[in-house]
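Pasting in a structure now, in structure tokens, and then I'll have a few things to ask.
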């Protein structure tokens, strides 16, 4: 039988899925044990206990200086920044992207500009950004917005152009104005597609969040990682990275769920 | 009423002449079937009637007035595909036209106003045989049901002219037959002038009151660019089929639509015409 | 209306941790309200960004080294006054080789360091001390946060950096410190600088800063529970523990008393140091593209003598606020 | 007439396209002039002449220390790194992604793992990366590969799953083995799609390149930007950012051209 | 030869029974047309014949041997869509089967070997009327031409059984007529047993030697899950249509295919059967 047609059953599938994770975990544990045997103070690949301890002291012991639990506070701050940024990005994408995709005038005005904008490496512009909008929360959110918005805009405009022209004409023959068409034909059809785009841009968003927090912040997951990086405190960094990964995964799953829940017509329409 | 006059219309795309010298007067309440080989410009002509494209030369009049140069509620359309909105339920697809009309800002009606148009929409859905499917999304409908929905949707705004671009081209034979009957009935019961593009001659003769054929007079490859299609045949259908005068008593004469559909061999009359068309 | 609200930027470094503590512990607020102003203290994770922001005009004061004060704000046309000399590096910056005991062995190696930073300057001084020049080695720019990890790789055999990274690297047995800032005492100064114009118009701002600083220093150096708590808080804020923080403090010559600091500011050594620094910076073309010589940017010392172009004085050492603190006149 | 139906003619379109660029340029020039009037040594928004001078001295005056033209040398080094990284990423994506998308076993083994991997913020793992592969050119290339590969893999696997099942069955009824199908049915159809994915991941690739060069390097565009950022030399940074944008644009255009040239069937097949 | 035996086959997907108790013996060189309402399991049955799905119960034999449980070169297939490879030219689409056979590692032939199979492929392309289009990509072909190409491609490996899943369902009426003739000719000239799924009864009667109808005996919504479809009708086509004995002299009897296609009213015989089928 062709390998192509070999369909592993449920349990084999589970086994296969776990295999690479187990391999990574295993090779970590072995390398860690080897390094720790050579130098018990090695910080690069800490033992699980060390990491557990580090997490415990960050997550369940209040920081004497601020009285907060650093781990949770960092998480909250980062998620807040990310949440606001993605919200703003999404709304801006809708407000700018729909005219840009729908109206020939909008397309002429913006499509080239956004294309160029999307090529600018935002990290290189950080100093200017900080000057223009200051250093508060706003600048971190702005960096994420600047980093993700051009992609969202381009994607949205593309999706609008992919809408069958027939729909727009039909809407006009039903007496719809441009505003009507944007509001009742284009917008609702773009929302689920925008969720897809947001899912794609969450990766860069985390990147920008970490970069922003690395430069100017006093809390946040990225801040903590960069702060303790000087001490090579991998016992903090690794759990933080794992936690970020988990959060990213959860956010992705939540968006998928949201899409299915809010737009039941979308899955069928896309399949057909 | 809703007479259409096409006066010496030409259409060019860049250097390519697609249509030349089209003149056609369409009487109110006609059902014109537009046939012709693929790529000869049928859809282009329809799009000019729709206002989506403008003639390069000549003019199109609707009831003596120049056509509004963009699609509008006085001309409805049904395409072969993508006619209905996938994100709206069946009922919403029908009501949306009325919502556009009555709610300029939100494009959406609520409460009593909504219920009023919903009951109107229900009637239309019943007329096209879609009752019971109000809350489904179009993706859950078969192709034939989607086209019925598209018809209901278009009729909701009571257009004077209904344009159809191969509306039944993607349907199975059996389903096609049913929907032909529906089409004739709708034409008969609504105050409509219909222009339908089709590839299928028998469909043209079964539905139309008049069959107009577009053709290129010169079709050698090197001439394609320089010569457009024009009207090569313009045949009234025999026996003449006339839409019911609305609000007059129904029994005044035979219902030609029902008559056409119930004859034992509906194609016999058409066949003769076929031959006429093919003798070129 | 006269300016009432001031913004101070600081970044995480052992000699500057008191600023963060002062803000958290209410010392900043206390002194600010004494002078009827508000002082907003902002922490940066990234040192270079902190003084860039100052140079761009977003902040009125910033913590910075003497060298960066000259190459950054001063060369950028911002007339800057060194208000407080907090400490000088006394071993906090070091040249470290892998498995080699003497500085001579540095010849021909790749040196990982933050280019154009005080580490670069320290390297130049170290090379000078063994009659080598920078062309005898190869400098590889490496971000400070990653130097500790970088030293663990085989590619990296020599680094120049500062604490806490120095102690982190020295923890591995193959790391050998071959030169450190205690061999050039008083040359790497950690300052609090203020925009001269702002200071001139608002001397109260300068007084408040001096007050905050010496209050905090006094508190943290006390060998009682309060002092220990303060040091512990600073340790945590800088990402380490008390022992780690105290070892960093040990390599820092903190001017505990304002008198001491004022005296140092007025001393002669600063003149020689700044001359070396500006020559170094000019060699690296860091005094601005238009600078024709090391004299391009004038430096006014505490005794009002000027190094370089007297018509373009952009960096000033001012001992008067430290003196006020010493005299108890704040 | 509805705004939706307003189609600006050629010259209006050109004008509209230029408008946002002109606005940005104009507001830059004005702000710059204002700042320079206040402080002639201001570094944040240098005048055009200053930037021109900076570029001239970097691009056309040999560096006395190394004897190279820094600007061109930086460009060359960065492009080399980027080129190698994208080549490796692409090849790896093909070698891993095709089995992963085509074979049920491959999917079971890898899809979850890659999904998790794609959520890990690569910047945070730099220390480990250094230890494993050192600090030389390899690590910079590796960072870009790690940053882009998961996306390429997921995208590729998705595209393979989107291939009509009918094709795979047809190939089997023509006697094709799994290897045959991978080689002659899936691979050639994936190549043009991979180009699309590479285009999308070029943005992140530049980001990771700049980040990698910021961390440890002695040449490269990102290196220069982060080096001169220490003394806020925006007269160097801004032209470099513009240059990166231009390079990114050119790379994108080159990929589009390549796709059209190498896979003439693709545009038509996608349209239909 | 290539007889197919379906022995008491059931197919369930999870809890849903799709097919129950299907038994069918298909003689070599038959042309079986499989009809039935949408969703009744026609495609599922075809996929079992293909080896893509396995019966839940019962077995399928090909010439007395159990069927290989995966698609293979002894069973060719043509789908309604997506049958040809968009990245290969017309010629390459046809040669690829032979390349798979002769080149296990590269799946690709060169030089003389390539020229040999190319000339073979050319003959097939001529047979399906695609000569002159060798270097085009499928996207440049019309729907009908693509289906011809799919047929040529499938025939290249000389399968014993050819399975067709609504192969002409998406084609226009006129094109359909042409391709029916082609289909009959191919069936006649190649040593093929054909099983074709179709929605179109007249197509079934025009092409098949035998028409098999699948139907659910109980089709109330609440019963849908628990009862599958089974064979409700199994009609030989009249007059009997027999494939040409290959390599025997052609004039021995009328070519039934050509005969069927050239009669004046090809549907007359079928209609009778229609009625029989519809009388349920």
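Each chain carries a letter (A, B, C, D and E) given by its place in the written order, and its residues are counted from 1.
What we mean here is this: a contact is a pair of C-beta atoms (placed from the backbone, for glycine too) under 8 Å apart; a residue touches a chain by one contact, two chains touch by 3 or more.
Treat the numbers as computed from the prediction; the structure is a model and nothing was measured.
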Chain labels contacting subunit C and also subunit D: A
Chain whose mean Cα position lies farthest from subunit B: C
Busiest interface, counted in C-beta pairs: A-D
Subunit B and subunit D: spacing of chain centres that average the CA atoms, whole Å: 49
Subunit A and subunit D, separation of their C-alpha mean positions in angstrom: 18
Approximate Å spacing (C-alpha centroids) for the pair subunit B, subunit E: 36
Multi-partner residues of subunit A (each touching 2 or more other chains): 2, 5, 44, 127, 131, 172, 177, 229, 232
Touching two or more other chains - residues of subunit C: 52, 56-57, 146, 148-149, 152
Two or more partner chains touched - positions in subunit E: 70
Subunit A partner contacts - residues on subunit C that touch it in the complex: 12, 21, 24, 42-46, 49-50, 52-53, 56-58, 144-146, 148-149, 152, 164-165, 168, 171-173, 229, 232-233, 236-240, 244
Residues of subunit E that touch subunit D when the two form their complex: 50, 52, 70-73, 75-77, 79, 81-87, 96-97, 99-101, 104-108, 137-140, 150, 153-154, 156-157, 159
Touching residues on subunit E, where the partner in the complex is subunit A: 69-70
Interface residues, subunit D side, partner subunit E - complex: 164, 166-167, 169-177, 179-180, 183-185, 188-189, 263-266, 268-269, 271-272
Subunit D partner contacts - residues on subunit C that touch it in the complex: 48, 52, 55-57, 68, 71-72, 75-78, 112, 114-117, 135, 138-143, 146, 148-150, 152-156, 286, 288-289
